[in-house]
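I have a structure I would like to understand better, so I am pasting it below and will then ask my questions one at a time.
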């Protein structure tokens, strides 16, 4: 929070097309890049795209759901066959009810998966009819599973790792806001561009409101995103952070919103990834240390992804002078 | 309908690239965004893309079609097997013709789904041959079903809800045409832009014709489409609605055509949604009430989708003065 | 063919980025939009993308190929099982060699499709091993078939019908080259644009060469491609056809190359369609007759696709005067 | 390597958005277009996108992996069933342990592929349970295989062949750097554009660093990429190679980085292909010989792909004069 005096500092007029409003609250973009918005109204089913949901599940939970569904469906059908009566199925072990149910359950699974050994097989109308539809349902279910698997692993993703923190580093005699990112998988990204904007909370006549500013970067496009990319926003007159002191960065609610867009040559598709940095994720007076170097044999370049958050202290003389 | 005198009011020259003509009639774009055009000529099969049709079906009808097809195909093959003669199938219950047909039907379904218990199995050339092709057909059918399921749920869609009505609201001392939209599912849209145009029917020397105008909006692009977006067309000299009175809006055949385009990060694809507003869907002298607010804990923003059509009366002094 | 005198007529400098050369021959773009080029060298397998080939097959031929493959594969495996010896399969009808082969063939198909009734089943190592791999091969084959089916029907296509002929029609006191197109299926196209260029063969000092020119059109973009679109190239000073007489159009090797690009909302994808018109497909002194009209109830517009080639004679006074 | 004197020669200021750094080493882009970068840190599983990996495998290796997986999985399950005890499976040949294991293995494969002849079938709880999950696993495995097959062959690719070498050819009184490319499959590419840049290693006060320059081309876009495309970079004042002698080209570490982007009409997708040329792949004083010609019947154009690397000596008078 800061008062009117501070407000003067920001000369740039704020942009209006952030898509966020003044009286929204909390972080705008979560670390994972999704907007921090809660939807109400409409019923929950219309509010969820189950396909989006299935695609966003972790592999483990996705598989678990499939297995659970498989077991439940089979239990359901087993129950139905049991009600119809085991005498309508051949080869059932009738020694006791439990064995009967067990056999019926396995018959169900052999039908659902269309294995159909035939050791147990339906006889008569009702059981056969149910089996007919269970097999049909089974095939459709696996048709859907096929689609979901494909949807999940063919989903274009940027596979970028952002530095957890951004720094205010000395740059060209003044200071610059910097963060960096690097592709961490064996994907090839080209024609990458970055869009950086910021939300700054200000108090105007006692009311807190958010102003949004676009942040210019030294380089907004690069041809090949193979090494790390350090995005640099020079803090000069045209920057909303112009003449911000370390305290200002600390005491103001700032959010840096980042969007990277690139072309993935395997997916042949545009991929997008976003993240954001809040005041407490901005380190004042630091600079990143290099994270790539020539290989020993000098035949290739080595990118060390573990160093992405590595930085060292660095004074910012110019700005502090201004402050004094 | 309105006379020549009125015509004067519109100063802007009309655009020609709407894609619609002067002597077309009725609504141009339906509420659901599809053009209101009927195609004749060519035979109906060439005129339908069955894939587009299958993708546009409701889930319920889609499933119903699948089930119906499944039953019909099995009945068909059952009939064939029956004609070939049940003696060419093992394990048929020959107690009476009905039972025979029933068993033959289930054999067909067990073949089509490739369950193949084997309790009933083909013997001899003809029956085996038919079964051979039924199983083949079954697998191809489910191959197609798999594709359709995937095509249906992987189809990129914007999942936007538009306000049912658009309003003429007081704005910056004059009036503005406004409507709003909001994403209602857990999808993340970025880089959204809007294109708004209008068709106005005028009478020139007794002949009614449609003129098309592009409507400028205060904001034509936003970065993150997470909250609602109120699209604002300022009614000033450069607007075709300049100096329109409430009566003019009522008595003229107006259609506001809207197209939203955005990038969905899960589909990694551009999505488009369109709608339109006709004269009777434009409310004069009203303004929308806010539909999002900070959450109680101030950690997130809440978007209430049920409020999307909520508005309150609001006078439009300036314009009415002009009219008097 | 035409002499140097004629050459003077063309004032516009030719464009170089057609992608075609001067000493290429014959039509450049076939009526179906594919370039008229024959590739040599490289072996034929590397020269064919079998996926492109499968996608371009007619449905009938595609299915035929699948069926043929299915029969051949089964015959092959039947042969192998036969060599291994029918005694390694249970339930074979050993009455005579033919019946044996028939049963072996059906066993193969029951394995390939994974129906596996079990009436015939493998016993012992060799037969079981072959069956193991046939079932595996079967599943992979149907996996590929599934992909091909999906690839075929999810392939974005524009479904546009072009007029077979283009006309030189009177327009704004002078003449214009016109052709038209219309979407003929239930697909919704938006933001359509057209690129028209022409190749004109000229004789320079006895050598024939092709010059390429871009043709400007009255309208190069339209918002909604729901009705027919008549593309108009005005023949004025800046047109390579300026002051062309009817004879010139007849006697010159002209090719009009057309490319339409639009956005399909169901595929959420850009679709492209191309075609071309040669001298003998250009009708001098004609104009298209309207192909859409209001529906009787005035609630919708009717587009009659059968009229797309309908035109009537129309004099071109201005130009002929120039010629005289 | 070259000294400061040489440095003078290059007047153009270098571009910074190559995405590569000064202290990276070795080739930047490999011949196949992938960046020559080694990633360290993070564990290897997070560093690999297995989907990208599977898509980049050769067909042969891909199939081999599938077969291997199939055999291993079946061996695994066979072992489990064997431990459970063959008495829980019907129809096992109990003559000796090996036969038992063989039968159990084939039962496993019949379950995994859902053939399920039933000659061997599970009896009792444990065996049936394992079989239930094996069949389930089998179907999911083939669901994934289906997705991978589709992903592999539907993956948009440019299918372009680049000339292995680029040449410095006489052009318009001076010299030009040229290389060429041609589509070698039955795919139709339109709206192709090329981006060419170069990395030149220079020694500044003893330290070697890489400078990056954008290379302008005579033609950066062509409409239809059906024949070969010879990309021409004119070596004039604005070229970093201005007044380079043959020796300079030999003795300098130069890398020409090329990116082609085009629209494929079958995939309806943008496709990208890249390659690079190093000093030793640049031939000074040579020009390409034509690789397409009219067909004998003059009805089509023939493109001979085997000639793509064919060139002949050609003197470059102007430049050598400059050098002397």
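Letters A, B, C and D mark the chains in the order given here, with residues in each chain numbered from 1 onward.
Just so we're on the same page, a contact is a pair of C-beta atoms (placed from the backbone, for glycine too) under 8 Å apart; a residue touches a chain by one contact, two chains touch by 3 or more.
Chain-to-protein mapping (UniProt): A, B, C, D = Inward rectifier potassium channel.
Predicted model, so just to flag it, every value in this text is computed and none were measured.
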Comparison of A-B and A-C (more C-beta pairs in contact): A-B
Same vs different contact residues, subunit A with subunit D, by half of numbers used: different
Farthest chain (mean CA position) relative to subunit B: D
Length of the line joining the C-alpha centres of subunit A and subunit C, rounded to whole Å: 40
Euclidean distance of C-alpha centroids - subunit A vs subunit B, Å: 28
Interface hub residues of subunit B, defined as touching at least two other chains: 114-118, 146, 150, 269
Interfacial residue positions of subunit D with respect to subunit A in the complex: 16-21, 23-29, 33-42, 46-53, 55-56, 90, 111, 114-118, 121-125, 128-129, 131-132, 135-136, 138-140, 143-144, 146-147, 150-151, 155-157, 195, 197, 257, 259, 267, 269-272, 274
Interfacial residue positions of subunit C with respect to subunit B in the complex: 66-67, 70, 74, 93, 102-103, 106, 109-110, 113-119, 142, 145-146, 149-150, 153-154, 159, 161, 184-188, 190, 192, 219, 221-227, 229, 263, 265-266, 268-269, 290, 292-295, 298-307
Touch list for subunit B against partner subunit D, complex: 114, 116-118, 146
